Amino acid sequence: MPALLPIDALLIAACAWLVLGIAGLVAPRNLRFISKTLFPLGALVGMMVGLVALGFLGESPEVAVLAIGLPDLPFHLRLDNLAAVFALLLGFASVGISIFAAGYFRKGEGTAPGLMCLQYHIFLASMLMVLLADDAYAFMVAWECMALSSFFLVTTDHRHAEIRRAGYLYLLIAHIGAIAILLSFGVMSSGSGDYSFAGMRAQSLSPFWGSAAFLLALLGFGAKAGLLPVHVWLPEAHPAAPSPVSAMMSGVMLKTAIYGLLRVSFDLLAEPLWWWGVVAMSIGLATAVFGVLYSTVQSDMKRLLAYSSIENIGLLAVGIGLTLIFHAYRMESLAALAMTAVLYHCLAHAGFKSLLFLCTGSVLHATRERSLGKLGGLIHRMPWVAWLALAGVIASAGLPPLSGFVSEWLLLQSFLFSPGLPHPWLNMVVPVAAAVVALVAALAGFAMVKFYGIIFLGQMREENLKDAHDAGPWERVGLVWLAGLTLALGVLPSTVIGFIDAATRQLLGTGLADKVREHGWWMLAPISPERASYEPLIFLATIAAAVLLGRQLVRRLYHGRLRRSAAWDCGYVFQSARAQDTAEGFSQPIRRIFEPMFRMERHFPTIRDEKPYYSVKVEDHFWHWLYLPVARLAERGSRLITRLQGGRIAIYLLYSFLTLIVLLLVARP
Amino acid sequence: MNLAVPLSSQLINLFASVILLLAFAMLAQRRVLALINLFALQGLTLALSTLVVAVTTGQTHLYWSAGLTLVLKALLLPWILHRLVRRLEVKGDVESLIKVPTTMLVGIALVIIAFNVALPISQLSNTISRGTLGIALATVMLAFLMMITRSKAIPQVVGFLAMENGLFLAATSATYGMPMVVELGIALDVLVGAIILGVFFFQIREQFDSLDIRHLEKLKER
Amino acid sequence: MNVFGFLGQMFAIALALLLAPLLTGWVNQCRAWLQNRSAPPLLQPYYMLHKLFLKDVVLAHGASPLFRFAPFVVFGCMVLACAIIPTLSTDLPLAPAADTIALVGVFGLARIFIALAAMDVGTSFGTLGGRREMLIGFLAEPALLMVIFTTAMISQSTSVATIVETLAHRDFIIYPSLAFAGIAFTFVSFAENARVPVDNPATHLELTMIHEAMILEYSGRHLALIEWAASLKLYAYSCLGLALFFPWGIAEGDSFLGLLLAIPVLAIKLAIGGALLAGIETINAKVRIFRAPEFLGTAFLFAVLGLLVRLLLEGRV
């Protein structure tokens, strides 16, 4: 009997997820059975996926053929290192999210729990199949399953009109993206009729068609990932979905789009052109700046995180662009550095963004409130969630010693080499792009301080927050798992790079692992220790030692006495929760400095107002510049077409008859 | 990689960079008097840079142009401008049509463009100061930008003069300066231009009670 | 790691801890002289620290554990920063732990903690201070990073020790880009250390304060640690500036004689630097808060310009 191959194991996992989903239908209203049995089992399967992918990394690709689908068109599947890195991400992130979900769902919220369980597990299985697909057909089937299942998950609370609207928008843009991806695959097969990825690899496209395929793929996967200007669904869908689903979509699903982009641009298209990288980088920079600016001015906590996801996707696109530029000039070791940054950031973002979304889920459960202006002081009532969220916040702000910093560090290191590019414009413009990346990273810190400070710190802004309860045991386990991943990715960069290096090696022919391994597991020195090095463990240990020594010495030499008293606040007597900054107040400097970037509707109080109030609403320029005109155009077009609609069946039959005749005339061989 | 570069060339690069720095400082400056002082400083740096080129290459006419620059741009013109400001009683800040940070961002873009445009030209040249051609071009562009974005007359004149500084730098860096006759002619032109503009200012103010050149918009035919 | 290097590292940290309040005292004294006031004693910051350590901590009712934890973290971050910036010698065993990019990260980490702590009690001034600090931070951080990029491109390295070694011990070359970087760095360090054009370390006027607004609720040992950390930050920035732009005199490798010689050189450089700082503070007026972004934006652009000049004039990497 042959040993169980990793690809088979992953297929079994996908089937297991499906079975778990269907099992939910057995007792769709039995919440206890579904949440306490099926979701934990799903987490186990996720663990298996992660471990199998981890074990596979570094092996040679495996293929399988599934005889399902149309006749003569079976599913081709392939597990290679790139897919394994993302399967690893999917598996490990889903462990935390599934366990959290076990404690999250309550009775009587929209969709029946059994149906929810089905949709959730189909979502997981289809994401895994997207990673394994080796032909356009299987890929698109899995891709659409993923889009549909996530659409149903987004509209769980379908009783609210705005949630239905968000779901519709999501579905619409997902399909625009899917069409673009389909076209891209069509271009890549270049009329040969062979839609397997192996066939596409064998094609050598002319620069024109290659560029067309790349741009279509960028649009298609960009629509799923949330790149400008097809990002508008993201800040609508993420807040609408239940928190575990938002976590799954933001942490994992966006990464499948990144996976697709990497697959197309580095694997299927053999010869990248340098300007592809410039396009990807420009869009990425615009997306990152846009995302981070909008995330700082949001007043809804999940929207804030959604915009922060847009920012991170922008940074990933910048990394991919940089990799493409280096790759096009055959500077493979530098391309490997940038690629490692991209893959690392995918993993890091999956960890910390899932963590933060789940934290907002706990807050939402405890307070029934998503608006930042009605939260505050929750660290006193929800210490577990608050302290674990702190890890996510630090990582998301790109600060050492957690995971976000490592990828930012790698990205900046690869930017430092960009003056060596043999192109007279690029070697000046690209280093300046690093300045924008630095600005984005710093602004992310602003957004995260706002997120954390307004939700968890300060005085409680509403009376009912006093009854908030901390996360339950299942939720805590899920949060701890994700925070642990964030910490591990932060302090063990060399080990992690040793794993994900296989994917870099597969795509670029060279990797970082050899150089990284030379200097021991605690040190990250991708080029040489003289050039650059980072030792997060020693970093952490030094700060910890200073903290502990300082504390002990102060207590030994002086004392540890402490008294409680009212807050000082410069002696102001009137100290109410209303005197704190609101969410809008906190971001006022950003709105002021970057005023042209926002479309604001403001109401200022005047002296004569009986009940003076100030309100501000920040809207997306893209709605007014791009989407509304397109919508109006479509509406006008449909109105024209309505004239064809007479209501008489004879006329309709005439239309069909005429069409038939025209087709017969035109389609003659 | 820089070990082969002689000290004189390094000095020229340094001075050229200072000129660029001052051009940016002028772009960011809001006060008229400080603007004129920065301009004087730029003239001084330009003179020093020309002097270094002169000493290194031993070309006598460059000594003359260095001296001329010093007298004209670092002393005479700033003095005239100072007098003008005092006589015209220009007060307060320089008004800018676009926000200063935005102007600076545009300035950065211009610098990138200038550097890249100048790169192929400077590769043709074989002077010791060829690297600074890009900076010279950038200075011209920044001065132009200043003329575009400022709404008051005096900053516009300063921008005009700073542009001439950039051209002068370009001339020294690409070909060790223009022939003496041309240089004298330009110097005279600039001087006369400044004086005429000074007279012109008085006329503008008589007419509009202000030096805001946006008033000139009224002069169009309806 | 040899014993000598380890001792050198410990000595550098101890020196930073001891010298930092003295630097603050020196700057305060210079400021007082220049402003025609009678100066406080040079050792006043030490008396302050001692007094604050002796006092009880008075904690607001609404303060969470994060509030008590933050001063220690800020202090720890600053100790690490001082440990990796070469002051006397470039032979620092801790230096590989964090390069210049990570150094910016350390300052960022400290900033986040102090801003969060400021928001913790939930007073109006606390949140105001936190917001303003983040406003300064998001502009200062990229500017600092760009300064570091310029130096890193000159020395082909982001490791602080290598940068300083390249600048200090190779043949003397004029780097025009460093002039831009130096100006940008000066701007940034004024903003980061709550100095006059951006903030006033001596103010308690509610509308203008940034740093002071954040630490209003702190008292006793917590306040002492924060004050000490602020001194350490000033020391770290001064040493970083000196190391990047005036690196001469820093000992190379592990020569004991060089180390001995480096101490007086460092003292002199710091004394001059502190006096200059006080001088600049005296001749400038504090700008209003919305001019501060412009001030820092200028720093950011100068740093980027330095990078460009580096690329144009000083050859390709």
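Chains here go by letter, A, B and C, matching the order in which they are written, and residues are numbered from 1 within each.
Here, a contact is a pair of C-beta atoms (placed from the backbone, for glycine too) under 8 Å apart; a residue touches a chain by one contact, two chains touch by 3 or more.
Source: prediction; values computed, not measured.
**Student:** Pick one for the touching-chains graph, please: line, ring, star, complete, other.
**Tutor:** Shape = complete; every chain linked to every other.
**Student:** Please tell me whether A-C or A-B has the greater number of C-beta pairs in contact.
**Tutor:** Result of the comparison of A-C and A-B: A-C.
**Student:** Starting from the mean Cα coordinates of chain A and chain C, work out the distance between those two points in Å.
**Tutor:** Computed value for the inter-centroid distance: 35 Å.
**Student:** State, to the nearest whole Å, the distance from the C-alpha centre of chain A to the C-alpha centre of chain B.
**Tutor:** Chain A and chain B have C-alpha centres separated by 50 Å.
**Student:** So which bits of chain B are touching at least two other chains?
**Tutor:** 108, 112, 115, 119
**Student:** Find every residue in chain C that makes contact with two or more other chains and list them.
**Tutor:** 293, 304, 308, 311-312
**Student:** Which residues of chain A are in contact with two or more other chains?
**Tutor:** 428, 432
**Student:** Residue numbers of chain A touching chain B in their complex, please.
**Tutor:** 424-425, 428-429, 432
**Student:** Within the complex, which stretch of chain C touches chain B?
**Tutor:** 171, 173-174, 176-177, 179-180, 183, 293-294, 297-298, 301-302, 304-305, 308-309, 311-315
**Student:** Of all residues in chain B, which touch chain A in the complex?
**Tutor:** Going by the criterion above, the answer is residues 108, 112, 115-116, 119.
**Student:** Going by the contact rule set out above, which residues of chain C touch chain A in the complex?
**Tutor:** 53-54, 56-62, 64-66, 72-73, 75-77, 79-80, 83, 94, 96-99, 101-102, 105-106, 108-109, 111-112, 115-116, 119-128, 130-132, 134-135, 137-139, 141-142, 145-146, 149, 152-153, 156-159, 162, 204, 206, 216-217, 220-221, 225, 289-290, 293, 300, 303-304, 307-308, 311-312, 316-317
**Student:** Within their complex, state which residues of chain B touch chain C.
**Tutor:** For chain B paired with chain C, touching residues are 1-3, 5, 7, 10-11, 13-14, 16-18, 20-21, 24, 28, 100-101, 104-105, 107-108, 111-112, 115, 119, 131-132, 134-135.
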